[in-house]
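The letters A, B and C name the chains in turn, as written, and every chain counts its residues from 1.
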Amino acid sequence: MTTFDDARTAFVPPTPGGSLMPTLGGEYYYDDAIFRREQEKIFETSWMAAVRSADLATPGAFKKVQIGRESVLIVRGRDNQLRAFLNICRHRGATLCTEESGQLKRTIQCPYHAWTYRFDGKLMAAPNLGSLTDAAGQGIDRTEYGLVPVALREWLGYAWVCLAAEPPSFSDTVISSVTLRLGDAEAVEHYDIEHLTLGRRVVYDVKANWKLIVENFMECYHCATIHPELTEVLPEFADGLAAQYFVGHGASFGENVQGFTIDGSEGLSAIPGVTEDQDRRYYAITVRPSVFLNLVPDHVIFHRMFPLAPDRTLVECDWLYLPDVVESGRDLNRSVELFHRVNQQDFDACERTQPAMSSRAYRTGGVLVPSEHHIGEFHEWLIASIGE
Amino acid sequence: MTTFDDARTAFVPPTPGGSLMPTLGGEYYYDDAIFRREQEKIFETSWMAAVRSADLATPGAFKKVQIGRESVLIVRGRDNQLRAFLNICRHRGATLCTEESGQLKRTIQCPYHAWTYRFDGKLMAAPNLGSLTDAAGQGIDRTEYGLVPVALREWLGYAWVCLAAEPPSFSDTVISSVTLRLGDAEAVEHYDIEHLTLGRRVVYDVKANWKLIVENFMECYHCATIHPELTEVLPEFADGLAAQYFVGHGASFGENVQGFTIDGSEGLSAIPGVTEDQDRRYYAITVRPSVFLNLVPDHVIFHRMFPLAPDRTLVECDWLYLPDVVESGRDLNRSVELFHRVNQQDFDACERTQPAMSSRAYRTGGVLVPSEHHIGEFHEWLIASIGE
Amino acid sequence: MTTFDDARTAFVPPTPGGSLMPTLGGEYYYDDAIFRREQEKIFETSWMAAVRSADLATPGAFKKVQIGRESVLIVRGRDNQLRAFLNICRHRGATLCTEESGQLKRTIQCPYHAWTYRFDGKLMAAPNLGSLTDAAGQGIDRTEYGLVPVALREWLGYAWVCLAAEPPSFSDTVISSVTLRLGDAEAVEHYDIEHLTLGRRVVYDVKANWKLIVENFMECYHCATIHPELTEVLPEFADGLAAQYFVGHGASFGENVQGFTIDGSEGLSAIPGVTEDQDRRYYAITVRPSVFLNLVPDHVIFHRMFPLAPDRTLVECDWLYLPDVVESGRDLNRSVELFHRVNQQDFDACERTQPAMSSRAYRTGGVLVPSEHHIGEFHEWLIASIGE
């Protein structure tokens, strides 16, 4: 059993411990108008992790993702750069790519009227285009009628996109979330996430509001009740304090635990850069609004959420290992199974919470116990983001 | 063929016979806002028959039902009392019971964070609860954070619940409906419904507004057309006058009919308390808003409606017999089949009426013929209940 | 390769060629309120081709169709006339016919309370009706309580119906659309469509707004991209100019093409009245809001659209041939296959356009290239019809 000696300061505890704090009212979890505001003010203005960069290995490789209300196309260019565009032709609005992912040959060609775009979005050709002018009689500007670009930034091996015309600072939002949680800007670099390899991916279709999933991830008051395997590996979780409650704190593996696996047996090869401090510890990080990052010595678990409706969220979860581990074909099952089971347990809990949000008993919300108080700060951020 | 000599007074006939009266306009049967008002002003403020008490035989036995917009949990306590609660944890809003029914061991424990309630609703335990205080710094009142109670009253062997903070008088609403219809407060007691046993239960998922089902049950103008088996057993129904049209009137069995069965063959053992007057007669009673009661000498048919949407109503129908009849394993099929078929015929008619409610031809409604005029009083009650 | 020598005047080209024109904004293709206005102001006030008259061959034959928000019943009377009525009983609103089509015996009888109507809509009988009076004490007028009539007009072998109380002139709307397009009131008569026989019918359930289907049918800018078989038969379509762009113009068959078939092989027996001018040509006509007419020498392809939702349209397509051709059992497959494939290609394009209508990139719409400019006139008509 570890102690909390290494915990430095409480993570924005908004009220004195020992009391009950209110949650958001139930309508925040089912109301269509509130979800619409979240789409506009959060998902369509924040940096959202869209795809793992390595999934698009070669020029012309593409993937489409749903960000807020938009279908976004991410494609690797001939110059090897990843770019993102709205997935819609500028001519008459046909969806350019209807497949989830694939490989384009030399251009992005609309299958309706054959308007043809370069991988950098510029309009390259269209039947009869040569003689065209705009309403003012000027020749058509092929950039003006190019694909609508979406901001894209790569970090930790993922392409993050932002639909805002003027995206917020990536450092001040995404990176600083990680730094603030780990207490050290270098700490995440030790895991060299960018150069890890995808070992397993599971997509969960969760019938619950995305905020229930965030809140669930932020607290460990539920761990003793629903995560028997996880608390076996991380005994301090049985006390109900989340790893995220203290800056820089990582939950220690139990004494007899050899690795972060379903049965505590030995894990895979440790990531070389992981420090002594980080060894035998689990760190969980929430990067608002849609990413969870889980760090253990031998792998990284990376969750991306895609909120599709007030009561439906797609969660794509990647298990990342050292390239050698994946290429050697080593058995990942015991390693993957631990957090896959945690995911299932958590999402089940969220799904059983969703339907009760509209009860009169939850009209003004429920309560947060002291070990959940940091969730209050998430609620304040939400209200500030979308307005009351 | 019987005569109506025993009919005493017409049941609130609102206009002189022989004319056509208007019905409600079509929007009352499909409009979401009107259904919302019915939920608020009728289903969530009236006594609604929820479960048969005997279904929850032992302490910890529970069943959940949908009343208006709420999931209501009904559970038998250690003191053998039935109680009803909103089916939601006071902590973070998880649904307590997701199964339709079952048997709890010693407590009601939320499966998310293990808040634990007694069968009487009091908060018994929660992880780390001991040291908790409320916002004012006071120790937590375990009753204040107990389950939200719902009023419950048992009558005729059923648990009736009411979501209103101040429920209406049970006598002045439920009991007086039955008395007013039968013309005698004692009449229903002769059937000793409380001590009958469930012989068969059928749940019908009807794609129609609940009021179409009520109106259908209230009139017999359709009997000759859609209920050949029923009019064979109750020949006066072929004339189109509902049993409910005259106070105290029960429809007589046909001369050659031996029992209330699909083929008029002999029924089961008669209920001892049934009087000479009640023998060989069928009585139908509507207890607004959601119960139909059908009385014949050897059994009772009890309908509970659960309106789920403007165009969807769940109807749970119980056939109740003397305990001896059920325990002896006697064949109930011919007995059950008669009203099961009537139910199917009626619900088919309601389902074929539902889609036409939005036609311009029904914007101001249809017409009631004289034998349907008492339905007009149901419409007046509805308007009075929800406001125009 | 044909020239356009025979094209007389451009079909309402709203702006000078060579420029890009705006389309409707995306909301016109998904917004519920706009679709509601289209139902009220267009589908429920225009002449809509409902059924092929010959489908209802004998007295009592009926078919029901969805026109705007109404279920409309079309039935052939004892006098051999087709008539249309709202498919709803005047008594309590039951749907009269729930089957798509069928054969009535002697009356239209409501299956709920047996109100019985003649095929001309008059109320013929109802249980206990004899003694009825209306609210003023007058005897019931059996015409007043007859079925609600819907205007019906036969032309080209189809029954066209109009829900408006005062339908617009059939000549000034339907017939003049055809005349205006063909440039000659007699031209369509040569095909003697009324006396052709149904060879094949295919119903397409298209997940797209009806206007996308109209726009697609009006232009041929997409033909080179998605219709390889059609452009093989009609080479000028590869240039992207629609047959409908020039008044009176029909697209010529390619030099080596023998017939309007999937592989250009010989077609069926030519319709005798087709003129030298019309031979080896394809004419396409849009009759707003819901009919497409396609004329080739040996058959006619007749599309009827039934818009069911903003994003769903049922399209019923008939292939019509000389009676001899159908009765002789000749193989129609190569003939039917050409436009069946065109339909599939077009509806696929519409379905891939529908989801992108709500993208921010289409908020103010896309652009029309010069060969699509006549679609702008369709948009003006739409705006004029429903108001901005």
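Quick notes
Keep in mind that, in the parts below, a contact is a pair of C-beta atoms (placed from the backbone, for glycine too) under 8 Å apart; a residue touches a chain by one contact, two chains touch by 3 or more.
Computed from a prediction, not measured in an experiment: that's the story for all the values here.
Leaving out chain B only, with every other chain where it is, the touch network remains one piece. In summary, the pair chain A and chain B forms a contact in which the copies contribute largely different residue numbers, shared numbers making up under half of all those used. Inter-chain spacing, taken between the CA centroids of chain A and chain B, is 48 Å.
Annotation for chain A: no residues touch 2 or more other chains. The part of chain C that touches chain A in the complex is made up of residues 18-21, 23, 26, 215, 221-222, 224-226, 240, 349, 352-353, 355-362, 365-372.
The part of chain B that touches chain A in the complex is made up of residues 69-71, 86-95, 98, 111-114, 126-129, 131-135, 137, 140, 145, 148, 163.
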